[in-house]
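Take this structure, written in structure tokens, and hold onto it; I'll ask about it next.
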Amino acid sequence: MTMKIGFVGLGAMGLPMAMNLVKGGHDVTGFDLSADALAELEKAGGTAGASGAAAAEGADLVVTMLPKAEHVEAAIFGETGILEGAGAETVLVNMSTILPEETDAISARLAGRMAMVDAPVGRSALEAKRGALLILASGSEADKEKARPAFECMGNETIDCGAIGNGSRVKIINNFMGVSLNALTAEALTLAEASGLDIRLALDVMRGTIAGIGHMKVTYPNKVLKGDLLAGFPSDLAHKDLGLAIRLAESTNVPTYMGAAALQTYSIVRAEGRGRQDYTAVYPTLRGLAGLPEAIPYDASGDEEYDPFKKD
Amino acid sequence: MTMKIGFVGLGAMGLPMAMNLVKGGHDVTGFDLSADALAELEKAGGTAGASGAAAAEGADLVVTMLPKAEHVEAAIFGETGILEGAGAETVLVNMSTILPEETDAISARLAGRMAMVDAPVGRSALEAKRGALLILASGSEADKEKARPAFECMGNETIDCGAIGNGSRVKIINNFMGVSLNALTAEALTLAEASGLDIRLALDVMRGTIAGIGHMKVTYPNKVLKGDLLAGFPSDLAHKDLGLAIRLAESTNVPTYMGAAALQTYSIVRAEGRGRQDYTAVYPTLRGLAGLPEAIPYDASGDEEYDPFKKD
Amino acid sequence: MTMKIGFVGLGAMGLPMAMNLVKGGHDVTGFDLSADALAELEKAGGTAGASGAAAAEGADLVVTMLPKAEHVEAAIFGETGILEGAGAETVLVNMSTILPEETDAISARLAGRMAMVDAPVGRSALEAKRGALLILASGSEADKEKARPAFECMGNETIDCGAIGNGSRVKIINNFMGVSLNALTAEALTLAEASGLDIRLALDVMRGTIAGIGHMKVTYPNKVLKGDLLAGFPSDLAHKDLGLAIRLAESTNVPTYMGAAALQTYSIVRAEGRGRQDYTAVYPTLRGLAGLPEAIPYDASGDEEYDPFKKD
Amino acid sequence: MTMKIGFVGLGAMGLPMAMNLVKGGHDVTGFDLSADALAELEKAGGTAGASGAAAAEGADLVVTMLPKAEHVEAAIFGETGILEGAGAETVLVNMSTILPEETDAISARLAGRMAMVDAPVGRSALEAKRGALLILASGSEADKEKARPAFECMGNETIDCGAIGNGSRVKIINNFMGVSLNALTAEALTLAEASGLDIRLALDVMRGTIAGIGHMKVTYPNKVLKGDLLAGFPSDLAHKDLGLAIRLAESTNVPTYMGAAALQTYSIVRAEGRGRQDYTAVYPTLRGLAGLPEAIPYDASGDEEYDPFKKD
């Protein structure tokens, strides 16, 4: 089913997304301050709008893909903004990455005036071009359903994140992890090289252990999330081994800020008397530091056992 | 082929390893200060030795699995130690996790007196019991070959790490990454929960992105290790998104020491003028901080392209 | 000389400040959302205003002392805000702590409509009550001069910080240092106690060394700021000693996140080849990481020699 | 009273210390592997010994000033080491900086064979030359008394640290603080400059506040150490202000690893419900993280009130 779609924000991500909507058969009117971007959209078969209001005129959906919350707010509520053009049935689909509380504030301000879906994206400009984004959709069932055909043009995977605001939340958490992990990976590989190791060997080994596979698929569901803290690998040993690594870093002048911070956290784990517990005890320890209640709100029943190290 | 094997250090890891050697048909003489551990070994069909020397008497291999370098040294060089019992053909196989420089020192001290293989293990007591350890073998080809049948009893995967000392090096790096990653994972999940997100949703999303898949299989081989820093995801954006997450952590009182440290590293990336480069530029930046030469000693030719996000 | 002064924001800091203005003989009209605060001001001899505009009516100065930039903006530009009541001669004196860029934005928005002094305060509520604040005044000479009698009622020290915006900048830097130093002090004292030391002894020793005296009065002016990096205390040794301390912390389970981060920075200092330079070389190293040009923009001529360790 | 003193370790610190002993009228026999250092000592009026044993022959005191614990051990217990030359009355005075547990081990190994004083020094090579070291003396009363005349030649201040091992402990803590504080100072000044501030202005302001004066003389004795956590400056505000600074650092690409770590610690303070307490509550919070008992073992009675901000 073809829709009329407004698209505000035709940058590195927005332009290819809008073009994929055009390619998907939708009638797309874009708006951006860059005349070049508008021209590109037109060349691809879209329409150049003169304002957010113009892009919203008669639209089923208006997508916003902008750098910051203040831009999103201006695009919606400003003069000749989206609200001025939108109709009673128009759904705003904000795909920009902004703070959850900013999403909540915009959604509250829109209440009763325009329906809103909060749907930031995972992955990068490369996937935007290929229509292979991961879309983190949150909002009412009806609104998400309405936006679904558009999502299918822009991404190859949509995760239903529930009520509005959850999309923004999970996006931020996801990027927290992916971006930080990048820096941690750089620390490990730099330490490997500085201590005289072949990079490829280091990678080959780590890809076959928790170091490369990660904890989310293995240790967490098999241990701490099941409430099992019997030591597979005890915190005391994790603390000891990380201490050895930090000493190696010290003697090779490799700055391992993240690893050194992790070591301190294991010291807290031990000070709490969890030294003989499994090293995933670092998770309840950290939850405690953040003042969260003791019981982890996670129901593990139904999770399958998963053994990443089984060799056939 | 059955071997005569001495085994010094029958703790949480060592005992099941020794028992797997017995089960594999080898003639195993153990030594440990714990009479209980020796009794358990005997019950399983091994022999209790009275000293390291006794365990080494006539042995093809002597395995050491001890907490610290000083214990390994005492076991080898001390009174009634391994050296006193070992023959001309005996190979020492140290599987304890100790510092690379400690391995180097022991190996140097043994030179001309006993051959040595440095073969620490990955994974934990659980895998030790199941004979499913990852063994990181380093030493001369002949010595590693001699130890191979023993490794096959204790582990289900042996990685040849080259010359002696490399096993210790890669073990430490591997644990640096796995143990630190655990603490980072705890930060991400705590932040998710504190910001009102369902833990399962956070896990589900992250398992499908770089956050859960890791950089070693995806971004590094596809970008920075190939010398390609064209932005898939630019450092500027990584810095911005991580900043949003840190602000969310600040407002929910979640201590994210590692994430906050990562943010500082991206500030350095930007200060170096790499803001528009791919965020894997954090790796050359960190290498530079450690004083490593600019060219990354890695030959990417032959690496396959890998697209973890392809959906069929 | 008595002035007519409006005061918007009568919280823990603002109320005692306003009361000290009354005590100093000024005619003060306050405004706050809290009726209690207004009543207290009246009891002390001030006037309760009905709005920011009312407080500004006919005023020589209007002081704002509010939690965040958005409150300051609302107080000035909002309905019945300060701008509506202010006359051609009224000077706005913002004493709230907000971001420098927020100060710059407000000042730009006020240009041509009302003069502004940016004058955040150092120290705390205790000093606010005693009229002993440190006032960091920035703005035009004439405007600062006009505000001077008010500053003298509220503080016992005013530092002229030059052009507008500098007050906010220096306030933030000052608090960055004072607040972080508090956490570092806690790390040192906790480590002292955990390693079996008497707290008083630790304090007595540190109060007589750089640890307690600080670098700003001693090492920086005597070494790095004079361009002298000849080692008084070489970076290599600083790195070594800090490494010993971190190991002590590790063995006593004391989390020393800040000390551990500092150690990494010294690793970078060493990787840069500055190991034999004085340990104040950490400053040029850090400046380099931030992308600042090599020459430190500081003219040391005229600085006196200062020897804090001289005993008579 | 003139003594016969052996001195082992004539490096950057040791040589000037030994020369000050000569200048003080003592009969000094030095030993070092560097012939140059020995020649310098002779030129100054000392004697070049052929070994540690030779330096110890007939000596009242033998001072050791060496880089690492292993060197100290070798100097004492090795072949032709100090023990071989020392008499029944000789006191070993170790002034090297080594780990407390290393000091404890050496002292235990010496028990019944030679008396020992543990007396590391504060300050640097500059002060060593001027005889202005700070000496942190620990050991038995009689042994410290015997060493006193030597200390008076080498330093201008000796702090009695009580029983043996305390000197090493307090030295490490002192350097932890002084060395880390240096890196924190560099962060603050770099942030000041990057945000457009004049360095001299930043220094002038900070020297007059807690930022430059430090917490050990002011906030700790006046607040938390007296058991008073009524907010002079509440933790919530410290957290907010530090957050502003971190954001400023983020926007100017200044890496503030230590400040960012401090912010996380204040998040824990808040999560513990201490947001309205004085920001020195960071100290009991950190003590708790390290597993120390709640009551701070410090008796504040007798401490004077101190107001660093009083202006006459």
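By written order: A, B, C and D. Residues from 1 in each chain.
Here, contacts are C-beta pairs under 8 Å (C-beta built on N, C-alpha and C of every residue); 3 or more make two chains touch, one makes a residue touch a chain.
Since the structure is predicted, the reported quantities are computational estimates derived from the model, not experimental observations.
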Checklist entry - What chain lies farthest away from subunit A once each centre is taken as the mean of the Cα atoms? => result D
Item to check | Chain pair with more C-beta contacts, B-D versus A-B | outcome: A-B
Checklist entry - Which integer distance in Å separates the CA centroid of subunit A from that of subunit D? => result 46
Checklist entry - Between subunit A and subunit B, what is the separation of their C-alpha centroids in Å? => result 29
Checklist entry - Which integer distance in Å separates the CA centroid of subunit B from that of subunit D? => result 36
Item to check | Junction residues of subunit B, two or more chains touched | outcome: 246-247, 253-257, 261, 264-265, 267-268, 271, 289-291
Item to check | Contact set on subunit B toward subunit C in their complex | outcome: 257, 261, 267-268, 271-273, 289-291
Checklist outcome for this item: So, in the complex, the side of subunit C touching subunit A is made of residues 239, 243, 246-247, 249-250, 253-257, 260-261, 263-265, 267-268, 270-271
Item to check | Residues on subunit D engaged by subunit C in the complex (per definition of touch) | outcome: 67, 97-101, 122-127, 132, 134, 136, 156-157, 159, 161-162, 165-166, 169-170, 172-217, 219-221, 225, 231-233, 238, 241-242, 244-245, 247-248, 251-259, 261-262, 264-266, 279-280, 282-283, 285-287, 289-292, 296-298, 309-311
